[in-house]
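Input: a single structure, listed below in C-alpha cells.
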Amino acid sequence: MRLNVELPGLHLKNPIIPASGCFGFGEEFAKLYDLSILGGIMIKAATEESRFGNPTPRVAETAQGMLNAIGLQNPGVDAIIEEKLPFLSTFDTEIIANVAGSTPGEYVEVARRISADPTIKAVELNISCPNVKCGGMQFGTDPVMAAELTRLVKAASSKPVYVKLSPNVTSITDMARAVEAAGADGLTMINTLVGMRIDIETGRPILANRIGGLSGPAIKPVAVRMVYEVAQAVNIPIIAMGGVRTVDDVLEFIYAGASAVAVGTANFENPYVCQEIIDALPARLDALGIEHILDVRGKAYAQLVSRP
Amino acid sequence: MRLNVELPGLHLKNPIIPASGCFGFGEEFAKLYDLSILGGIMIKAATEESRFGNPTPRVAETAQGMLNAIGLQNPGVDAIIEEKLPFLSTFDTEIIANVAGSTPGEYVEVARRISADPTIKAVELNISCPNVKCGGMQFGTDPVMAAELTRLVKAASSKPVYVKLSPNVTSITDMARAVEAAGADGLTMINTLVGMRIDIETGRPILANRIGGLSGPAIKPVAVRMVYEVAQAVNIPIIAMGGVRTVDDVLEFIYAGASAVAVGTANFENPYVCQEIIDALPARLDALGIEHILDVRGKAYAQLVSRP
Amino acid sequence: MKCDVTIVSNRQIARATMEMKVRCPGVEIAPGTFFHIKTSGLLRRPLSVANVEGDEITFIYKVIGEGTSELAAKRVGDTLDVLGPLGNGFPLAQHGKRVVLVGGGIGVPPLYYVRRRLHEMGIETIAILGFDSQESVFYEDAFRELGETIITTVDGSHGEPGFVTRPLARVEADVLFSCGPEAMLKAVAASPIPERFISIENRMGCGIGACFACVCQAPEGYVKVCSDGPVFNAEEVLL
Amino acid sequence: MKCDVTIVSNRQIARATMEMKVRCPGVEIAPGTFFHIKTSGLLRRPLSVANVEGDEITFIYKVIGEGTSELAAKRVGDTLDVLGPLGNGFPLAQHGKRVVLVGGGIGVPPLYYVRRRLHEMGIETIAILGFDSQESVFYEDAFRELGETIITTVDGSHGEPGFVTRPLARVEADVLFSCGPEAMLKAVAASPIPERFISIENRMGCGIGACFACVCQAPEGYVKVCSDGPVFNAEEVLL
C-alpha cells in the first residue's frame, strides 16, 4: 500500500509499467515472470491495418542508448483485439493501448475500437513516433494539431486518454498545455529523440530508415528535465519514461513530478528489469525514509506536494 | 595536405578544433602539447563585462554524458583581448572567438571589439547557451530573432561569422536556413541539449542552476542527425560537435556533411584527445581508402560531393 | 534463461577470431540456438553455440567492434551475463539422409555443434567451409574428424580457391544446413538440394521476440529471426 | 601527467572505505595534491594523495557511487588511467611552528601524507581527526606514530564524542591545515589560529583549470579549486 498509484482509469498496484514497443503484447515476458506483478502494461502501438514497418536494420547501438526505426509494425487493431487482448486479460494488471495512425481518422477509429474492449483501461495517444513518414511525429510537434487530435480521440475513446509527448520540440510545456486544454486525462513522456548513426566503413546510415528514435540511459537527463518542467505547468498526471533501469531512476522521475514510470529499452538489456525494480522499491523507500512513493512526487521543485 | 580544410576566414591545417568552453583560453592545454598542431581553437565565450557565472555545483555526470551550467563565466571581452589573445597569437592555429550576450547590443559590441583583433580569424555567435537566464538560448530557438541577431553581428564583425545552433528546437533546418539567409558565413552545431539530474538522497536537482546543458557521447546520435539534415538544407559549411572522442566520430560527422569538427567534453576525459585524434587520422584514412578527408563529406546522403 | 556464467578459456584460434568456453550447468542446448551476451554496451550481443561438452559451452566469435573486443579481453574466471539459449535450431531428425553443411566465415561455428550432434546420431554429413584466406581458417581438424570436409578460401591461400558454391554444386545431398553472410545464404538457398535450412543474422534488440527489431520478410508476412529462427526452412523467408 | 598505473593493493580499511596503492614511477608528488582517475564514467574522479612510499602512491577513498564502487572492484595487477598530480598542496615550510591538522571523514587521507612529510622535516604536528563512528575510523595507529592524535566520533563510539571543533578550541598552534566536509571547513576557518590552510572539494570537470566547473567565490573574484587549489589560505576563499 506504499506503492499504489491511482490515475484516471488506472489503479496501479505499483508505478512500474513496461513502455510501449519494448514489451510486445506481453507474451514473451510472460514466460519469464508473472505479468500480474506489474503496475500496468503499455502494449505495442496499434494502427488500423496491419503494418510491416521499416526495412532492417532497424536498431543500432549508441553510447548508453539505442536507435530504433521499427516503424509501428503491428498486426492491426482488430487482430490485436482478437488475438492479443484475451491473453493479456488473464493478468491482474492494467492494460494501456498505444494508438497510432497516419491520419486523424485512423487515430480516431483505432482509439474507438480498442478502447471499447474491457481489457483496455486507458489509451495512450502516440503522436510522437519519429519513425513513420506520415502521421506520428507531425502531430506531436505542433500544439494546434496535437490539441485537435486529442479532442477527436478523446471524443471517440470510451477510456481515459493519455497523450504521449515528443521531446523533439522547442517547448514541451506548450505541447503539454495544449493537449491538457484539449481534454487529455494524462501525459506520457518522453518518446524518443530523433537521432542517426553512420557506418564508418560505408559512410551510410546504419538504419535502413536512416534516422531513428534514440532511447535508453543516454536520454534520461533530457526526459527528467522535461518532466520537471511539464509537471509544474499542467494539472494532469504524468507517466514518465526515458532511460529508466534502476529503482533510483524511478525515484528521480517521481521527484521530478511524475506519478508513474515506464521502462522501455532496459527490458532488452535485462528482461527481468521490471520485476527487479518492483522487488527493490520497498527497501529503497525504507532507506530513504519515504513512506509512500508519491509522498516525494515533485520534491525537486516543491517542498511539499500532495498525492495527485 | 589530405587534412587541410578551407573555410570562410579559416585555413585549418586539419579539421580538429577544441570546442568553446572546453579548452579555456588554451593556457592549461599548452602545458600538455603544442597547440600549433590544432586546426583551430574555439575559445571560451566572451561577454561585454566579466561574469562569475552560476553557483556550484556546475557539473554532473550522466550516462555517457555530462551536464554543465557554467553560466558563461569569463573575464569580459576587453580582458580577453588584452590578457588571453596575446598568448594564443603565439601559436600557428586559427583562433575563433565565441561571442555571447544578454541583449543584441551586447552581442554586437563584443563581436565588434573581439573581431577587430588580428588574432581572431572568425566569430562564433553563441545563440544557444542554455545556462543563462536572459540572452543565450532565447535567440537560438526563434528563427526570426536568430536571423535578426545574425544580421546585426554580421554587420559589426570584421571577420566571418559562424552561428552556433541549439539542438533544443523543433526544426533545426528552419533555424539554419534563417541564419544562412541573414548572412551567416557558416554554422557550428550542436550546442548542448537541456537536461537535469536529481540527487536521490535529497530529491533536489544536483546542479545549483537546476537545469544544465547535456554534452558528450550520449548526444552524438542527435548531433549527427542534425548535421545530416542541415547539411542538405543549406549551402554554408558546418563545423560539427557533440560527443566526438575518436577519429571515427570525426569521420561520422564528415560523412553527415560537416567540413570540420569540434571536440568538447572529451577534453575532460582525456586532455590529449585532440592530439591523439590528429595523430590517428592519416592511418585511418589509409585504412578506409580515403585520399582527402573532405572527399567523403556528405557521403551519408550523396554518392559524390565536391569539397566545400 | 538469464545467468552469470564463468569463463573457463578464451583464446585466439584464427585471425581476429576467438574461442571462448564458459561453464553453464544444467541447460539443454539445441544446435543452431544462440545466447544473448551482455557487454558494457547497452544492447546484448548474439553469439551462436559452437559446441557443448558437459556443462561447458563454446562460442567462436570474430572481433569486429566494441562488444567483441571487450569479450576478447575477458580473462579466465571472469563472469559473463548471458541470456539463453534462445531461438530454434536445426532439425536434427535427418536419419537416413545425407546432410551437407555449408558455412561461411563466422557462420561456421554453429555448424560444428550441429555436425557433432548429427555424427553422434549416425547421420552422414559433408561440410563445405568458406573463409577469406588461410589465416581465417579455424576448426579444420575438428571438422575433419567428423567426416568429409572441404575448405575454400576466396584468395586461394588454402583449400579450394573461390566460394563455397563451387564445391556445393558437385555435392549430392538430401538436406542442406547453412549459416554465413547474406550473399552466401542467398546463393545456397537457391541450390537444388530438396530441403534447405539456413541460419540468419540480423541486428537485434530484445533477442526474445518482443521488439520487432530483427524481422525478415516472409512469403506470408514476416518472421522474427530471434524467436522464430535463427534457423529457417529456406522456403519460409525472403532474403 | 597522464599515465597508466598498476594497482599493487586494494583493500578495505574501514566501513565503506578502501585503501588502494598504485605503482607510479618517477613522479614528484607534493602533499595535498590529487589525481584525476578514469573509470567507465565520462568524468574522472578526483582523489587526494594519502601517502607516497618509493614509487607507490596510496589513495584512501570512500565508496559512495558508481565510480568509487568500480575502483573498489579492481584487482591487483589491473591498471588505472590517472592524470596527475594536479593542483597545489599544503605549504611545507613551517619550520619552528606548531601545525595542527584537522581532518573530517574522507578529508583525513591527505593529512596523513602531509603529516609524514612535516614529521620528516622535524616539524611538530598535532592531528584532530573526526569520523561519524568507530567503524569509519582508519589509519589511527599510523597517525599516532607521527605525534599526538585526537580522534572524535559523532556518535561517541570511539575517542572524544562530538565534532573536531571541540578539541580544536583547546589546542595551541601557529598553523592549521584542514580537509573535510564544507561545514567543518567553515568552522575551522573561523578558528583563531593565525595561519589557516584548507583543502576544498568541488565537483570537477577537467581537473586542470580549463572548464570553470570547480570555482569557488573569493574576496577578489573567484578561484579554481583544481588548479588554484585544492589547498587555499583560508583568507583567499569565501566558503
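Chains here go by letter, A, B, C and D, matching the order in which they are written, and residues are numbered from 1 within each.
Throughout what follows, contacts are C-beta pairs under 8 Å (C-beta built on N, C-alpha and C of every residue); 3 or more make two chains touch, one makes a residue touch a chain.
The chain lineup, named per UniProt: A, B = Dihydroorotate dehydrogenase; C, D = Dihydroorotate dehydrogenase B (NAD(+)), electron transfer subunit.
Worth saying up front: this structure is predicted, and the values here are computed from it rather than measured.
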Reaching subunit D from subunit A (Dihydroorotate dehydrogenase) through chains that touch each other, fewest steps: 2
Steps in the shortest chain-to-chain touch route ending at subunit C and beginning at subunit B (Dihydroorotate dehydrogenase): 2
Furthest chain, CA centroid comparison against subunit A (Dihydroorotate dehydrogenase): D
Centre-to-centre distance between subunit B (Dihydroorotate dehydrogenase) and subunit A (Dihydroorotate dehydrogenase) (centres being mean Cα positions), rounded to whole Å: 34
Centre-to-centre distance between subunit D and subunit B (Dihydroorotate dehydrogenase) (centres being mean Cα positions), rounded to whole Å: 36
Length of the line joining the C-alpha centres of subunit C and subunit D, rounded to whole Å: 55
Residues of subunit B (Dihydroorotate dehydrogenase) whose C-beta touches two or more other chains: 62, 64-65, 216-217
Contact graph of the chains (line, ring, star, complete, other): line
Pairs of chains satisfying the touch condition: A-B, A-C, B-D
Residues of subunit A (Dihydroorotate dehydrogenase) touching subunit B (Dihydroorotate dehydrogenase) in the complex: 62-65, 67, 141, 168-170, 193-198, 200-201, 203-205, 210-211, 214, 216-222, 224-225, 228, 243, 248, 251-252, 255-256, 288, 296, 299-300
Subunit B (Dihydroorotate dehydrogenase) to subunit D touching residues, read off their complex: 21-24, 27-29, 32, 44, 50, 52-53, 56-62, 64-66, 68, 70, 73, 216-217, 265, 267-272
Subunit B (Dihydroorotate dehydrogenase) contact footprint on subunit D (complex, rising order): 1-2, 38, 41-44, 83, 202-217, 221-222, 227
